[in-house]
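You will see chain A twice below: alongside chain B first, and alongside chain C after that.
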Partner chain A sequence: FILMLSLALGTMITITSNHWVTAWAGLEINTLAIIPLISKSHHPRAIEAATKYFLTQATASALMLFSSMTNAWSSGQWDITQLTNPPSCLLLTAAIAIKLGLTPFHFWFPEVLQGSSLITALLLSTAMKFPPTTILLLTSHSLNPTLLSTMAIMSIALGGWMGLNQTQTRKILAFSSISHLGWMTIIITYNPKLTLLTFYLYSLMTTSIFLSMNSTNTLKLSTLMTSWTKAPMLNTTLMLTLLSLAGLPPLTGFLPKWLIIQELTKQEMTTTATIISMLSLLGLFFYLRLTYCSTITLPPNSSNKMKQWSIKKPVNTLTPTL
Partner chain B sequence: MSLIHLSFYSAFTLSSLGLAFHRTHLISALLCLESIILSIYIGLSLWPVQNQATSFTLLPVLILAFSACEAGTGLAILVASTRTHGSDHLHNLNLLQC
Partner chain C sequence: MALAATLLHNAYFCGRCCRHKALQPLLGPLLSDSLSKSYSSYRRPGSQPEKKTTWQNVDLSFKKSIEVLKTQLGMLKKETEDHLAGPEGQSLTHYMLEQTRVVWEFRSQEDLNKWVISSDVEIGGKSEVYLKLGRNNQTALLYGTLNTEVPRDGETKYSGYCSMRAKPLVGSFARKKYYDWSNFNSLYLRVRGDGRPWMVNIYTDPYFSHQKDDLYNYFMFTRGGPYWEEIKIPFSKFFLSSRGRVQDDQHPIWLDKISTVGFTIGDKVNGPFQLEIDFIGLLNDRAHTEEFAYETYEKNPPL
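Up next, the complex of A and B:
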């Protein structure tokens, strides 16, 4: 499937680049490859999601190119790790925030995830976040830490708050993605390895959740309530994975949060650590609601549609045990 | 030389403001995106002239190739939105409300 190959190619080009134009070219290849994937179904919602995605990502790419150009004019070189011009640092931070979906540039993300199919949403929230994260890692020593921390705290707050009233599972996962991005960004100027760790664990957990939801085809909370009839083992492991995404202690998702809080207290930022821990309680509420709906209750409304007995492909029950 | 700097910085700023404040048609947003890329192209073409580094002259051509692909994709999305939504008015893109 040639679009997946283009995605892999674009990601590889951006990761292995030390010149700004190769990074930009990889990001463009990724954007161009995923637009047909989003709009494959020709549904009006999918086309609308593709429009919003295209406009935001194209402006972010152009901003990134412009910031690298001003940096080249002022310092004479195109190396990614040597970003010396302060206005271009600011523009680059804004461009990467738009590409990742950090607050205050997060408005496109829930709607785009809602309009795309579950597998495409998985690709959008894990694979498409990887190249901008690598650029952020490469340039993190020259970006403004106050700005990054502010955006991160706002992302965690907004991801928690706006996820509370949602019933569509893709939007819930979008807001969880936004808050996890906030957790990744807050530690990037102090210990970039923790950002990478958080990203890997987050993408692993999100992959398993999306694949589980794809097997049972749950797009809404009401569908989630009746998914225990289709694959009971998958349902229990889905509950564990959701709680891991929330960050509860014996599960894997707690590890990045613990290490980030430890690193923040080492850097004398204890108020920040307290604030983000409190704000992730908001996220915990909707994760708990998801687990409640999926596993803990057996409601009497399991007689909705008979088509719920159909499973799209053989269920891989091992995916959530990652 | 700083007059030239001012010209393409202001071109970029005006185009990005136009992209941010597009009101009714999607195609005005695509046009502003194209003018952003054009201002970057002009700025990049002046760079090897200024610094006498002729190995960087290929760079604007590469950028032009990628941005032409992106413009084509934008137009394809415009056509797709006209097919599904009836026009490219931005008020019609409200199917995905929270």
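Up next, the complex of A and C:
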């Protein structure tokens, strides 16, 4: 319980900060609080995931501290919104990219998500992304758009490509997270409010997916495919949510993509907009295949997990219909 | 779009091109039988003395490196195509409907080359072990003599073991590849033993080196008759051990990142042994519902 409290505390500290040290302190509290959560089950893979998480996040925090210190050295003040020194901006972009898991610093993310339990994975992809995103928002006017756009396009590409034949659900969601982060960061220098909107909608959709997967305990694709016998309503809503995550038009997930593409075309970045829409097709293919497997075609096999019989309390059946 | 993604990936891997000249020594320790000595200077009595250091083995001929580069790029292309096709290179429907799979068969010398044999000779013992193809090239025969005589180096207490271990999968540019067996829940072995008990070890290659001795083991008791035995070992029975010591904190094996499988004999009985293996496969036993055979609750809960 105290770990959850520390997570909330860390997030609050970072969000409400206007001095670099408080922002960094909040991020560190978050990192330290989630490490025991990741390694709670003491499985060797969970411990490996916790170690990876710790190393990457510590590096990112150190880089952030370097950037704030060089900025303070050159400009004499520690205000987050006044990030004037160009090397500091670069360092900060790199640091936040590592913290979020943007390409090319994404390597830790699928492994860490795979090593942790489903709820911790949920926390890792939604709550832990929030403070670095706020820092990006606060400094968005002084960040290098080229670098961010490149990283974002690579993230969307990689998220779609690597997600193609994963069989573990947590890794699938990790790559979808990387892809969505790409969408979020591509628009941050032009219209930060869209980033926030994307983030909120993404967190909502991912939360509902993770919670549905948690109630049916699906850790791999084969379990997902047999969940239609256990909780059919949950399965259909899961399918809708997955498609929403992919960004199909009538569902909510399309809204941020549409607005982002509109904003990019307004900024004369039509080629970028076309490229990212094409790349997210890769992801769409994959999500479609998943939903095809799990809901549209009812697979003939049965699962041999004893615990998976009819679930009495399905959560979140209404959230996906947003 | 797939082309762009492939180009992206190729560009990403081109950074490794300049390492092709060092590939030979990289692949060397992987393919040879000798003990790798990257950290200790004490040479056990059974291992060969190092004649050439690793850096002396580097072959700087241009033609050879171009060929190596071509093979690696070919492997990379095949990996990309497999990635597009689906999990493990087969389509998703194949993966979904799969209930059995043969992972290792022994029909030719190439199949035998995928395995490494070792015995206590590396610590100075006297057991012998050999691996050859059985009759009609249909099986593999692992045979030899177990000798429990302890090597006299003052610190070894027990001796007498022989083992056979699969070589880990290597992808393009000497990257590690893993088996994904998450669709299955038992190991299926068709063997003909001689009545001696064997131990099956599964190694899930971890990322960090402090877990590199983690091994999941279970026993395989053979019958010894002239008839073939089909032994099914569910993965839920495998227990975790590290450097041979069974751990207190037990966890089930995770099947999504498996590196090698091995067989060991070490039953403290002097004498010859023989194991004939037809194939090693996987089975998704629908009737097996056990998740883990050992206690997972906290054994010493804090008060």
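Some notes on this structure:
Convention: the second predicted complex is superposed on the first by the 304 of 322 C-alpha atoms of A that agree within 3 Å, B and C clash if a C-alpha of one lies under 4 Å from a C-alpha of the other, contacts with A are read in each partner's own complex, and residues count from 1 in each chain.
Definition applied: a contact is a pair of C-beta atoms (placed from the backbone, for glycine too) under 8 Å apart; a residue touches a chain by one contact, two chains touch by 3 or more.
On a predicted model such as this, the values are computed, not experimentally measured, just so you know.
With chain A as the common reference for superposition, the partners chain B and chain C occupy clashing space.
In the superposed pair of complexes, A:Trp161 makes contact with chain C only, with no contact to chain B.
In the superposed model, A:Glu111 makes contact with both chain B and chain C.
Of the two partner chains placed around the shared chain by superposition, chain C is the only one that A:Leu281 touches, whereas chain B remains out of contact.
Within the superposed three-chain model, A:Ala25 lies in touch with chain B and out of touch with chain C [touch as defined at top].
With both structures placed on the common chain, the touch criterion links A:Lys99 to neither chain B nor chain C. When the two complexes are overlaid on their common chain A, residue A:Pro44 makes contact with chain B and with chain C alike.
Looking at the shared chain after the overlay, A:Lys220 reaches chain C, while chain B stays out of its contact range.
Of the two partner chains placed around the shared chain by superposition, chain B is the only one that A:Leu65 touches, whereas chain C remains out of contact. By the touch criterion defined above, A:Phe54 reaches chain B but does not reach chain C. In this superposition on chain A, the options for chain C are 23-31, 203-211 or 221-229, and chain B clashes with just 203-211. Shared interface residues of chain A (contacting chain B in one complex, chain C in the other): 42-45, 47-48, 51-52, 111, 114, 165-166. By the touch criterion stated above, chain A contacts chain B in their complex at residues 21, 24-25, 28, 31-32, 35, 39, 42-45, 47-52, 54-55, 58-59, 61-63, 65-66, 69-70, 72-73, 76, 110-111, 114-115, 162, 165-166, 171. Listing the residues of chain A that touch chain C in their complex gives 41-45, 47-48, 51-52, 111, 114, 154, 157-158, 160-161, 164-168, 220-222, 225, 278-279, 281-282, 289, 293, 299-302, 304-306.
Within the complex, the chain C residues that touch chain A are 1-2, 4-5, 8-9, 83-88, 92, 95-97, 99, 180, 182-183, 185, 204, 206-208, 211, 214, 240, 249, 251, 254, 256-257, 285-289, 291.
Across the complex, chain A is touched by residues 5, 9, 12, 16, 19, 26, 29, 33, 36-37, 40, 43-44, 47, 51, 59, 62-63, 66-67, 69-70, 73-74, 77, 80-81, 83-85, 93, 95-96, 98 of chain B.
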